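Here the structure is laid out as structure tokens; the discussion comes afterwards.
For reference, chains read A, B and C in written order, and residue numbers begin at 1 within each chain.
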Amino acid sequence: MKKILLATTMLAGFAGAASAEMALSGSAVMGVGGNGNDTYSLMETYVTFTGTGTTDGGLEFGLSSTIGTYETNDDFYNDGTTVYISGAFGKLSMGSVGEADDVAGLPDIGGIGGLGVDNIAEVDNGDSLGWAHNVNYTYTAGAFTASASANIDTDGVYAVGGKYTFGDYYVGLGFGADDNDYEHTTSLYAGGTMGAVSVKAMYSSYNYYGMGDYTSNAYGLYGAYTTGALTISAEVAANDYTSDASFGLGAAYDLGGGATVTGGIASINGGDLKWEAGVSMSF
Amino acid sequence: MKKILLATTMLAGFAGAASAEMALSGSAVMGVGGNGNDTYSLMETYVTFTGTGTTDGGLEFGLSSTIGTYETNDDFYNDGTTVYISGAFGKLSMGSVGEADDVAGLPDIGGIGGLGVDNIAEVDNGDSLGWAHNVNYTYTAGAFTASASANIDTDGVYAVGGKYTFGDYYVGLGFGADDNDYEHTTSLYAGGTMGAVSVKAMYSSYNYYGMGDYTSNAYGLYGAYTTGALTISAEVAANDYTSDASFGLGAAYDLGGGATVTGGIASINGGDLKWEAGVSMSF
Amino acid sequence: MKKILLATTMLAGFAGAASAEMALSGSAVMGVGGNGNDTYSLMETYVTFTGTGTTDGGLEFGLSSTIGTYETNDDFYNDGTTVYISGAFGKLSMGSVGEADDVAGLPDIGGIGGLGVDNIAEVDNGDSLGWAHNVNYTYTAGAFTASASANIDTDGVYAVGGKYTFGDYYVGLGFGADDNDYEHTTSLYAGGTMGAVSVKAMYSSYNYYGMGDYTSNAYGLYGAYTTGALTISAEVAANDYTSDASFGLGAAYDLGGGATVTGGIASINGGDLKWEAGVSMSF
């Protein structure tokens, strides 16, 4: 839940011209996890600073910075910072931006640290492919959204993506290229909501063009069923790098007020059964 | 003084269901200290992010993260992060939690960086004993509070404690054990307030069970007298690791509005006289 | 634009005694720069925590900490923290304070990362001379402001400065000394505003007293012209360490609401032409 700090001008009667604002929000998870015979504690906490403003001409601009504050070695984790400006021309973002071919990535199972089922399907697209991108341009026209992103400081690192939404359903297509064009990934996405059930699916095909060139495919399917405060989720994912598919089952119960009891079990790449359970909170 | 950021729902008339909130607070000290013939500047600053929420069923949850922002090497200090959920069952915390045998530790002398008289008495209990704890469970029934804490990821690291309050007085008992049970500390606490005078005392006995096993005792006594805005404090502490007792004398004058002029002098383990003086602030 | 977080006491009707407050503000720049044939992306983001309070006797106190949140290596940059207390006696600050001989330093050209024309003129005064200072005392009497600063923990590191303001004009004089007195810098400053035009000038003379002692001079002149939302700026600076003077031209267009389109070109020490352009934002 995001808080808006009142600007001094607002205190004086909400009068005057447009003014920029800073807001503070946060989230936390606490719980326990296991991997085979090992068990371990889980805790993550994040504080987010959000700046938003509007120019006299109606352009919107802002920044968002998130600090991971749970590091135990007296340190912090920079969980991502972006700056943007948007208007009729679309939205231009810089920093730790979304990569344009990650049109509709899958949720993970577990809800605490995450068990990583989604990573199996996303092994070659979006953030997983090569260099991080630092600029993203997104344009929305009705039901169609198109994006392009790149590492503006590294030649040949870019991605494009498009998403079409019809009613409660969507389809999407993404293409990403790594440095020197020796790696490409094409991704397909589809999903939708039918009453209490929602489904998200993706498929990607990665091509390596260097010596010993090869192709590797990955896919994932996520489904969730919600009844009252309870949501049950299931996910299956596989890629050509391992012989075993990965599976996960999760459950989350919304306690209201920003807190959720959540957990799950998963088998990743045929390894030991992993599990986690706990509470997630948003402020 | 802690500030509450207004939730957007509150702006709309304080209507609607329970919602989580983030608050921002801070503190600072500035001054000068000395140790024998050396003098040095003192400055510490902290910013704290506090998230609080209530579930529909009345459970409370939250996070607290504090950043030490005064590091001069372009860095920050993570001064502690905890997450909790509490209700009729008690309060369960994770992160940099209090250790359960530290039932009623002593204040320090000085008020700026702290001269460390309390550390002499607390040499073997609470944080000072072995591994840091990362989970704490506390249950309060009327005048009695019981706590248990542990390092959930390290076998044999735990502590328990109990505190009983009667009128303006309290007594407490703590027990802490380190990894593999080769170290134990038992601590006793007592204190109270009689008009303008408050007193806090503690005694601990540490046992090492390895080769060349031994026992070491430590104690401390803190007293303070308040008249108007002025508080005078005195502390004495000793342990079996050094031959000399440690002493300290302090004074603090509350300027109002969150600022206090404070300082003290101390002799630690028979070493050179240490002193510090300055201003502490809370926001 | 700085936000004030409401204290809980204020929510209860703005009643009660003076109380300290924390505020959150921020800024960001995004854009592109170049140096000869190279081009690169530019982004910086900052979040600032400001604590302010007033004692019952009318002294003011506070802290300010700024985090640079744009580091991409999962890290943050401590962009400066100060603590102060002020009253009729003046203002005493500790931390990353201003150095007293930097009476009226020059603005830079560009407005995104800054092209560094001002650094040529400021090569030997203020922050650029030797050790960082950590205490500053400033006293203002009418149109005259006097400051002294030092590194309280290092002998012989100090600076003094004075500034006199008359109408829309000012003149200033600064003197800084480095460790062991082997380096001195004397600085002169003047500037003012005449309608749409503002001018700032500085000159410094540095003396090295060690083996092979020498003197080096530096100067800079900055001018800006504002018409409506547009400000055009020009700067020239030179020092005796290089044979070529440095030049810069800049332009900024205020979009309102805290956002400005800004950019510039510069030649530094006779090197390749540098440029930058983008948007700066304040929240």
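Methods note: contacts are C-beta pairs under 8 Å (C-beta built on N, C-alpha and C of every residue); 3 or more make two chains touch, one makes a residue touch a chain.
What you see is a predicted model; the values in this text were computed from it and never measured.
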Quick one: do these chains touch in a line, a ring, a star, all-to-all (complete), or other?
complete
Determine how many degrees of rotation, between 0 and 180 and to the nearest 5, align the Cα atoms of chain B with the equivalent atoms in chain C.
120
Over half of the interface residue numbers used by both chain A and chain C, so same, or under half, so different?
different
What whole-Å value do you get for the distance between chain A and chain C if each is reduced to the mean of its CA atoms?
38
Please output the residue numbers of chain A that touch at least 2 other chains, ranges allowed.
5-6, 24, 76
Taking the touch rule as given, give the residues of chain A at its contact with chain B in the complex, in rising order.
1-6, 23-26, 28-30, 32, 40-41, 43, 45, 47, 69-76, 255-259, 279, 281-283
Chain B contacts chain A in the complex at 5-8, 11, 17-22, 24, 49, 51-57, 59, 61-63, 65, 67, 76-78, 81, 83-85, 94-96, 132, 134-135, 152-153
